[in-house]
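Which chain is which? They are A, B, C, D and E, in the order written, and residues in each are numbered from 1.
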């Protein structure tokens, strides 16, 4: 056991709280950015931050303290009991990919928007309304 | 069984990725291949439906893992019905757009078809998947292709609409993921049947919070007020076949997702009332907004939102008759709204702007298209002898059975609003305008076939609804029979 | 067959009677007005002379077929109404078709002639004619309301819509309806002022303003026939009022010719006295404008008409 | 296949057939439509007798079609008038565009009306009712130019509100009485006002709107006036009678009821609504300058009488209503045809622009004269019978003395617009503009003359109409309806012998015609309408001496308070306010994506906060 | 004769010519002159005509003021059966009350033509007879009977109501004898009358046929 692991064991609750807190904080920050910032890029950044927060939350939920990697290997057949849940990780990977795609698409749209409107202020992008 | 549900998804996806390659071989491949694929999907639908009628529902397992652990595709009469509907409408929309897309440049048609294929594949995926996370993935597939298609015309408004859609779609995916997280922590499963089975053990508060996340996220897809800000923009800016696809395919998938979650996964009291109220509010607000629209496609978009509101009301009522009515209405709405978008697109084509004002006397230019539009408008409002009448009739009957007096009156009053703006347009179309130059864009043969087949459907079903009612009936039964669904999935292994 | 013969003969007699008496009353009116203005005035038979002269006009102008037909409508209306009003109640010669029509029929039939004349006047194309017709019709709407109210009062009080039955009732009880329902009489009397179109309700044919209104394009025999019609109608109205409110005439005990003569005398006395009311009112009053006339009719006469209905209901035992 | 289904199918296919005939040869469209409806009428009257029934299942519902004496009575109106209107229409519509559209919708409307009367269950009733409504809407907007579009919409909105009210009632009948058959619903007392009062009220609202009852009448005048006249003939003549048909049907329970006092309020209210409709229709008719509009308002007024008649609930009253339904269809049909003929020949029906057509269109004038006399209710024509029955019913049986005065006021004021119509179009100055006008073609004249003859014969022999009407009344709950062929009798035993009256008038007419008219026919000098006494002034060619504007100004001044009650404006204001309100509401969709995102978050938060209230 | 060129005293030649041109016509066409030739019926009718004179008073000049006076209680013209008529169609007698300007003449002619036979004309005062004090006025006609057939002239300037009544009595006499009523004469000599009328009426716009 490394020193870090010991530290980790000692402050397990604290760290759990920290991880959860961070993820929720990320979500809130992301939300804030999406809802309050006027610049399109900032909004997209907010969206990404929010996604990141959610992903972190998901991964954190799947984590079992002191668990092993969710790999069945020879000699480690009964690892299933102490294994970290693999599903959230798999899902988060997918979600990250999707988030990436969305971000890319968003940025390309922003470029298009900027070309047409010469502004990236979301308040001015309301020619379609009512 | 040679044909399995997975063909539904695989065929369009393969086609989507093969199109760029095939265009190298022949430049028309991008236009033809989707048609073949979608027609194949139609065949798949028929085969599967027949199979279901004979042998009961199908649960296909992907990648060898059995149901609770692996991803499974479920074709019940309910999902089969929706998937068939989506396939057939997708094919007709392709048929309609076959020549329309010729006007696009070679490269663009490729992207268009890819995105369109992905959207339809994703929608069918949403409908037939039995896995909640898979649902999420398909929603995202639909979402990304839909965002792109909205902004397909690289115009200023298209980009704007696309961005708004994307922003809100991002929220949807985030909340959906949150909901899935909560559900997963509580039930430890992602299979809908298993989640449903384990749901009674979940703490009430958790259940409700998860449900709320689902409701909000899927509400966005199902165009529920106040989550539907994207819809009018997206509908009005997307290419017309895409608008039709939104109305006929994507919204169906969205409503399906919402209903599947609410009906099958959760057993929470009050959600029916919620659906009913929010459905009514969506309908009301959408129709109110539609009444003074100046843009035809935007008006149709609001009208779509209104119709989806009515569907939600019917699902909220929740009796068998109501579900039957709702499913019937989804079908009717898909058909009729596609028809309206198709015909409306020809109007727009000929008037150069999308304004309703410039439709005056267009009957002289495009008699047949105007005729079909009028028919569609009347059918959508719910006039007999068109199919729209029966769906509305059954929904109201079911509401009456539950003694929702004010709901009935409210729906009917909102219908009056709907009627007002539709008939304004119809009135304009059939105006006796003095002068009129011949139409510059006559509808092409394939478009006429597509539109006529839809119109024929409307009339035939309107006069003789018994043709399709048994299917819808079994679909409604399948949706409501939750325990059977769970048992079948978990024991069909 | 004999019955029909008597009927036809009676119809002729009635028509002649109505014609003579109506024309004489017209002359009498002119005489009365002249005397009231301290003039000698024309002779009583002046109207006959006028009529004769008009019929003897050598040329006659018509503006078209309807104009040509205008007198025919008036004669039709006059004759038809005459046939359905009991001149002398229960008299073989003067009863005509009394039992075959009722008050509502009479009410509508009386308009027939005016409408026919209005059509003729309309075809002349003279704006004055049309204006006169417009005023006349408007005034008609005015005075028909109280008149109708009065009639309803009678109908519901005596449970009949037939004028003959009303007369039977008066004969049987020996009490005139004017006593039974005075308000109905008042309402009907006030309405009759408009019906006669004497001052103050003579704006329809105001000579200086409208050039005699509907008649302005009629001359010669057309005018003559119209005057005849007007005279007969005046008589008809008077007889109708007498029948309705003043016990009618002819219900005496004498048989044969003497009875008829006595009945006719009674009728003449009653109608003459009744006739003098609008004549005297017309003497001393200026002219109402049309809307004033209508408003007048919708005010007091209507009030009395409603009062008459209430009274009738009270008498009838329905209320009170 | 059942004969009734075949008939409906003929009409449905005929509608499409007409549409396609038009695209091949415009000349034959009208004839095709006429033949189709003629054949339908022929088959119907020969093959189907009253009492016919046909049960079947559709969409999981037990449906029933059939004919009672009551509905058969209306079939006479519908098919008879439709055949005549289509015959008239051949020439009337000649040369107009979109004939296929017109005739297709026309036949669909006929189909709808026929369907309404043959329906014996509510679903079919509503089904056909709606077909009738939208098909007629298409015809209302046929003539529409830019400004008029709102009129058609107004019609449709009112119709839809009515239809949906009806539908609500139907749904509740299904829920409370578990039946969709009309006869069963009546038997179970669904139309009684005791238990579920909203059922009959909603039904009455639905039918009443179609019958243009007072506060909902605003759609009718513009819709009647703006449609092609050949259609207005059946629009006003037959389709408005569908409302009457329905009201009669709803009132069946009232007529059957042993204790009519239960119905006191509804019949009082409906009667007064009818009375006010009659008055308002009339006073607005007489200030119109467009002949079509005048007739349209007059139709509203006449429908008011019918409603009054139905609401009396007595034998004479209902007889009056049914009789008026037919006779109104007849004379108003003829009048609208006259207006159409004038429109076709002279180009307009604006009475301020044309006048003096009598010499140009003598036959049309004669028809107009006869029909107007019938409309005004002057004996000896058919209209008088209806008026007589109505008054007698109100006075002798219904004891509604004030209402009878209201009705009487309306019908007296009807003289004014009757005259106005004749004067405005046919009499008065012959203007230079109308010099080219010729008599309408024969196929337009013949239907008019047929209608005029019916109106005349009905005056002398009303029994011809009383007979089916009495049967119809027995079908809706009256026992032993008595009637005579040519005389009228009320409960007090007073009679009016119509045959005698007609004969007398005819005799006097002949006599006076011979002695007064024929005698001087040659001696009379006929002069033009410019030769009038104008204080010696010579009227110039350009001088317009026709008195047409503000024709009844004095009456307007006298009746000013009545004119202040403008329902049209009230509804318009309501519509405008609603639309402004809607316009305010749709600003929710601000167009700003961020706002939408904010909505989502707020919605989520609200749901999360109120989760205990919402879900459990 | 084209038209009167100069205004003022005419030269003798002109007067002579004028005497030829404007010689009063005494036509008898269509008139029933003799008592003997009248039938019994006509006699009775004339009696009626005599006692029923409907007057259209054309107030051309100052004499118009005398008409109401004649109708008042003091003179009471109605006792002779004289009463006003509102329009020429209903009237028997036309009164030309005083001087007649050419402008008014046109209207008078029209009113006269609209009256129905038998119709009578009574001219009031010297002005109507020979121009009176306006004999040389440029816009007043001098002799009425060149333009319309006149039955009775009443002299005076103006005639008092007594004279007016006298004139009416004279007319009644004429009617009784069958000597009044020149409608037929006017019609048969229309050409001559028209010529005279057209001479003085500048803006002649009457329709050609008499029956218009």
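By our rule, contacts are C-beta pairs under 8 Å (C-beta built on N, C-alpha and C of every residue); 3 or more make two chains touch, one makes a residue touch a chain.
All values derive from a computational prediction rather than experimental measurement.
Colleague: Along the shortest chain of touching chains, how many steps lie between chain D and chain E?
Modeller: Minimum step count, chain D to chain E: 1.
Colleague: Treat touching chains as neighbours: how many steps, at the fewest, connect chain A to chain E?
Modeller: The fewest touching-chain steps linking chain A to chain E number 2.
Colleague: When you check each chain against chain B and chain C, which touch both of them?
Modeller: Intersection of chain B and chain C contact lists gives D.
Colleague: If I average the C-alpha coordinates per chain and also across every protein chain shown, which chain's average lies closest to the global one?
Modeller: When every chain is reduced to its C-alpha mean, the one closest to the whole-protein mean is D.
Colleague: What pair of chains is linked by the largest number of C-beta pairs in contact?
Modeller: Greatest count of contact pairs is found between chains C-D.
Colleague: On a CA-centroid basis, which chain has its centre farthest from chain A's?
Modeller: Centre of mass proxy via C-alpha means gives E as farthest from chain A.
Colleague: State, to the nearest whole Å, the distance from the C-alpha centre of chain A to the C-alpha centre of chain D.
Modeller: It comes to 70 Å between the two C-alpha centres.
Colleague: Taking each chain's centre as the mean of its CA atoms, how far is chain A from chain C in angstrom?
Modeller: Roughly 102 Å, centre to centre.
Colleague: Could you state the distance in Å from the CA-based centre of chain B to that of chain D?
Modeller: Taking the mean C-alpha position of each chain, the two centres sit 43 Å apart.
Colleague: Using mean CA coordinates as chain centres, what's the gap between chain B and chain E in Å?
Modeller: 96
Colleague: If a residue has to touch 2 or more other chains to count, which residues of chain D qualify?
Modeller: Those would be 525, 527-528, 530-531, 533, 535, 586, 589, 591, 593-594, 597, 601.
Colleague: By residue number and range, which residues of chain C touch two or more other chains?
Modeller: If we look for residues of chain C contacting two or more partner chains, we find 59-61, 211, 216-217.
Colleague: By the touch rule stated above, which residues of chain B touch at least two different other chains?
Modeller: Each of 163-164, 167, 171, 232-233, 289, 292 in chain B touches at least two other chains.
Colleague: Let me make sure I understand the interfaces: which chain pairs count as touching?
Modeller: Listed in label order, the chain pairs in contact are A-B, A-D, B-D, C-D, C-E, D-E.
Colleague: Okay, in this complex, where on chain C does chain D touch?
Modeller: Chain C reaches chain D through residues 59-66, 68-69, 71-72, 75-76, 79-80, 83, 97, 99-102, 104-105, 108-109, 111-112, 115, 118-119, 122-128, 130-131, 133-135, 137-138, 140-142, 144-145, 148-149, 152, 155-156, 159-162, 165, 211, 216-217, 221, 225, 289-292, 294-295, 298, 309, 318.
Colleague: Okay, in this complex, where on chain D does chain E touch?
Modeller: So the residues of chain D touching chain E come out as 525, 527-528, 530-531, 533, 535-538.
Colleague: Quick one: in the complex, what on chain E touches chain C?
Modeller: 44-45, 47-49, 51-52, 54, 73, 76, 78-81, 83-92, 114-118, 183
Colleague: Please output the residues of chain D touching chain C within their complex, sorted ascending.
Modeller: For this pair, the touching residues of chain D are 355-356, 358-359, 362, 369, 373, 376-379, 384, 387-388, 391-392, 395-396, 399, 401, 404-405, 408-409, 412-413, 415-416, 418-419, 422-423, 427-430, 490, 492-497, 500-501, 504-505, 508-509, 512-513, 516-517, 520-521, 523-535, 545-547, 551-552, 554-555, 557-559.
Colleague: Which residues, counting only chain B, touch chain A once they are in their complex?
Modeller: 133, 136-137, 140, 143-144, 147-148, 151, 154-157, 159-164, 166-167, 169-171, 173-174, 177-178, 180-181, 184-185, 190, 232-233, 236-237, 289, 292-293, 298
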